[in-house]
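Shared between the two complexes below is chain A, which has chain B as its partner in the first and chain C in the second.
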Partner chain A sequence: MNVTVARLTVRGLLGRRSGILLLVVPALLLLVAVIARLTADTPEDLAATVLGRLGMGTLLPILALVVGTGVIATEIEDGSIVYLLAKPLPRHWIVTTKLTVAIAATWLLAAVPMLIAGLLLCGTRDGVAVAYAAGTLVAGAAYSALFLLLGVATRHAVVAGLGYALVWESLVGNFVPGARTLSIQQWGLSVAKSIAVQGSIAADVALTVAVPLLVVVAVASTLLAAVRLGGLTLAGEE
Partner chain B sequence: MAVITIDRVSRWFGNVVAVNDVSMQIGPGVTGLLGPNGAGKSTLIHMMSGFLPPSAGEVALDGVPIWRNQEVYRAIGLVPERESMYDYLTGWEFVLANAELHGLADPAAAARRALGLVEMEYAQDRKTGTYSKGMKQRVKMASALVHDPAVLLLDEPFNGMDPRQRLQLMELLRRFGAEGRTVLFSSHILEEVEQLARHIEVVVAGRHAASGDFRRIRRLMTNRPHRYLVRSSDDRRLAAALIADGSTAGIEFDGQERALRIQAVDFQGFTTLLPRVAKDAGIRLYTVSPADESLESVFSYLVAS
Partner chain C sequence: MHPSPDARTAAADGGVIHNIGYRRYEGPRLGRGYATRSLYQQSLRAAFGLGRSGRSKVLPMVVLALPLLFALVVAAVQIFMKMEKPVLDYTELLDGIGVLTWIFLAAQAPVLLSRDLRHHTVPLYFSRPITRADYVRAKFAAMTSAMLIVTAGPLLVLYIGALLGRMDFGHHTVHLLYGLAAALLYAVLYSAIGLLIAASTPRRGFGVASIMGVMSISAVIARIVYALAGGEWADVPEKANWAAMLSPSWLVNGFTNQVFGLVTDSRVVHAPGAGAAVLFGAEILLLTAACYWFTDRRYRKI
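Right, the complex of A and B next:
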């Protein structure tokens, strides 16, 4: 961890236009939750749709993608990363610091609204709200690590990230059950399921599979990102 | 004493050879890296600043390889060519952050000193995004100077500066050079290099074309022999006519190329002499090409600009 890197990263996230998008995501989730609460007879029936599909399935990966790439890909893209790299700092510090910022932002902007939305829909019933929030915490951390890696590894991080989250996890996962085994969203749901009262949340992956995979993805992504950043080259003029 | 050694270094991108078997040493004082656009200057500076591994050969600072060695940044200050730099920070915040990243004992004092050196205190509280090109260049410079480095690498530092800023930066670099620091800057403009650099390294098309002080480079450019490859309707008679004229230093027939290799005495004279001699003898010229094209083009470029 390096305080200066963290400070620059936070200011970069907030200082850019994409900063607005970071607020849209939680606002949208809360708005939908409020509407459901006010209009539905039994809002708790909508928990799986609002919290699971919309929240964890769509909004969380989008948010994590904006954050995960925003903490590093933008700087690599415009070349300003030079000012961090041309310093006697181990490059894995830069990666772990930026990852910490990304995870904190994802938790703040996704897990907290998820908890509030859950409470709006279900109150404290069956521990559903807390369970979804916990699922969002772990999935959010894994997404952040993966998307940060994409930000370091490819110039097309956003496209690759959207491809993974929306095409692989949502589209392919819908039709090919096997694909769900390799889905951060499903791992998060698996954690959520284990926390809530039995039968209130459904997940396709067993907890004994989900947890090790979450850890592996988070740790491996971080290591790879550090190695990649260590060997980052500056492309010359075309 | 900080010396950067470039030892038989090549760098290619796919099948583009950006730097081709270059060896040079950059020592204390101001050195100018001169060459036209695309010559490989930035590629060399990227390798000297640890942002690009050589494809072959080695780049070292005082004998220690630079690639994948973060410790070298204690001794190196880099002013990159690209402009982007945390636009949402003020000049002060930017330079201070750089001082902190170096882990300096008193980063605020170091930032103050560096901003003073480049005379940017007056604008230090404005966002860098609002700066002009010249101001950005100076704040980048301050960020490279916060840790008082022994080596300063600058890629095209005078781009976008007005004449006054240019003079000011030259003065500053000259001072660093006089203090015994190793200062290397790249430029494609002869006058800039001439005014500032005590030592000049010329690169052309990825190759190390010349090296020396300014007078030596000038001499090389104007006095060097010029070789041409010439094909005509009657090479034998053309050779005889040129020999008779007496203004060439050497002519030989290259059987393989089926062409004459001609060494001209003076470049200006030869370009008018050759067509005249050919016309008088009724010989048609098919090809007249400089035998050492890349060098030729840069020298004429440098002399012309």
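Right, the complex of A and C next:
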């Protein structure tokens, strides 16, 4: 952890226009939750659609992707990472600091609105709201680590991340049950399922599988990103 | 003609200007239209990664191939099972490959615009005879054509498959035309939206994420509102279909289903009534025009 690096990362992530754009994501979730609350007779039934499908299935991956790649990939892309790498800091510190910022931003912009949306939809019934928020916390952390790794590893991080989140998890996962085992979204849902009252949230992966996989993905991504950044040489323009 | 040696001796004590034979270009000037067409052609090739590195060909070619493969499988199943009625209508096929067209749009619209912005090559284009409006027009036409190639290909495969299976020629020809019209609407609307987002950021990654975000989030929201209004019931109330106005993909789908009379039961998304169809059509037109206008305006400032 390095406070200065963290401060600079936060400024780069939330400063100027992009910070407002990131706010669109939680605003949308809350808006939909309010509309659902006002119009539906039994808003609890919509929890799976609004919180599960829109929140954890679509908004969380996109937000985590923008944040996770935004903390480091943009700097690598425009070359300003050299100024950071030139400082006498261990490079794995840079990775852990940026990851901390990314996870904090994802939690703030996804998990907190998720909790509020859950409370709006179901109140405190069955612990659904807290469960989805907890699922978002763990899934958000894993997504952040994975997308940060992508940002360090490839110049096409966003396309690769979208391919994973929307094509593999949503599209392939819809038709191929086996694909759901390797899906951060399902691991998060599995955690959520274990917290809520039995039968209120559906998940396809057992908790005993989901938790180790979540830890492995998060830790391995961080380590790989640190190794990769440690060996990063910047190709010049020419 | 070479300069004569005398030219050098003429001013031996002072400076000398050698005539080394530079000539003005005196051939035909091909003009604005030609430049615009060239830009269109080059952009269309770039949309599929042609003329670029092998790695940039992978994604567009995969997205081009998958719908074709899908249509081929459907057509083959129809022939071998000797089906009387087609499994998928042409517009349903377009709806089925929707996500792939989003991916193509999200990945390739920034290729057409963001790179020029990022490497500051846009002013170089404007030093040629083409104007800013020509640039936007060429890029828009190229993106629309590329999207049409991606969507119309599988329709033709399905059509040829149906004819080989000796299905009803008249029915299939008419429905193919419906499908092509829908594909054109998708292509125009999607390109306008995608190019506007791509033009607003020089960062390719951000453009890709934003386009995909707009497309997928609006579709999920349309689905939620649809479900709220009773879209998951066995008999879907007419008013639920208004949710289609919230998402570009649902909008075109609902519009074409209603206009071409493809509504077989209440669960097919459609514009509820003739007046609604006009409204849906107006929204498509307005969205396209507004996005195009904003893109055009963005380039006026460069």
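Everything below uses one rule, namely that the second predicted complex is superposed on the first by the 235 of 238 C-alpha atoms of A that agree within 3 Å, B and C clash if a C-alpha of one lies under 4 Å from a C-alpha of the other, contacts with A are read in each partner's own complex, and residues count from 1 in each chain.
The rule we apply is simple: a contact is a pair of C-beta atoms (placed from the backbone, for glycine too) under 8 Å apart; a residue touches a chain by one contact, two chains touch by 3 or more.
All values derive from a computational prediction rather than experimental measurement.
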{"item": "Three-chain arrangement built on chain A, chain B and chain C clash or fit", "value": "fit"}
{"item": "Chain B versus chain C as contact partner of A:28, first or second or both or neither", "value": "second"}
{"item": "Chain B versus chain C as contact partner of A:15, first or second or both or neither", "value": "first"}
{"item": "First (chain B), second (chain C), both or neither touched by A:162", "value": "second"}
{"item": "Superposed model, angle subtended at chain A by chain C and chain B (C-alpha, nearest 10 degrees)", "value": "70"}
{"item": "First (chain B), second (chain C), both or neither touched by A:233", "value": "first"}
{"item": "Chain B versus chain C as contact partner of A:91, first or second or both or neither", "value": "first"}
{"item": "Chain B versus chain C as contact partner of A:83, first or second or both or neither", "value": "first"}
{"item": "First (chain B), second (chain C), both or neither touched by A:58", "value": "second"}
{"item": "Nearest Cα pair across chain B and chain C, whole Å", "value": "12"}
{"item": "Footprint overlap on chain A, comparing chain B with chain C", "value": "none"}
{"item": "Chain A - residues contacting chain B, complex", "value": "2-5, 7-8, 11-12, 15-16, 78-80, 82-91, 230-234, 236-237"}
{"item": "Contact footprint of chain C on chain A as seen in their complex", "value": "18, 21, 28, 32, 35-36, 39-40, 46, 49-50, 53-54, 57-59, 62, 65-66, 69, 73-74, 77, 156-159, 162-163, 166-167, 171"}
{"item": "List of chain B residues in touch with chain A within their complex", "value": "13, 18, 42-43, 46, 49-53, 68, 70-71, 73-74, 76, 78, 80-82, 84-89, 94, 97-98, 100-103, 143"}
{"item": "Residue ranges of chain C touching chain A (in the complex, touch as defined)", "value": "59, 99, 103, 106-107, 203-206, 208-210, 212-213, 216-217, 220-221, 223-225, 227-229"}
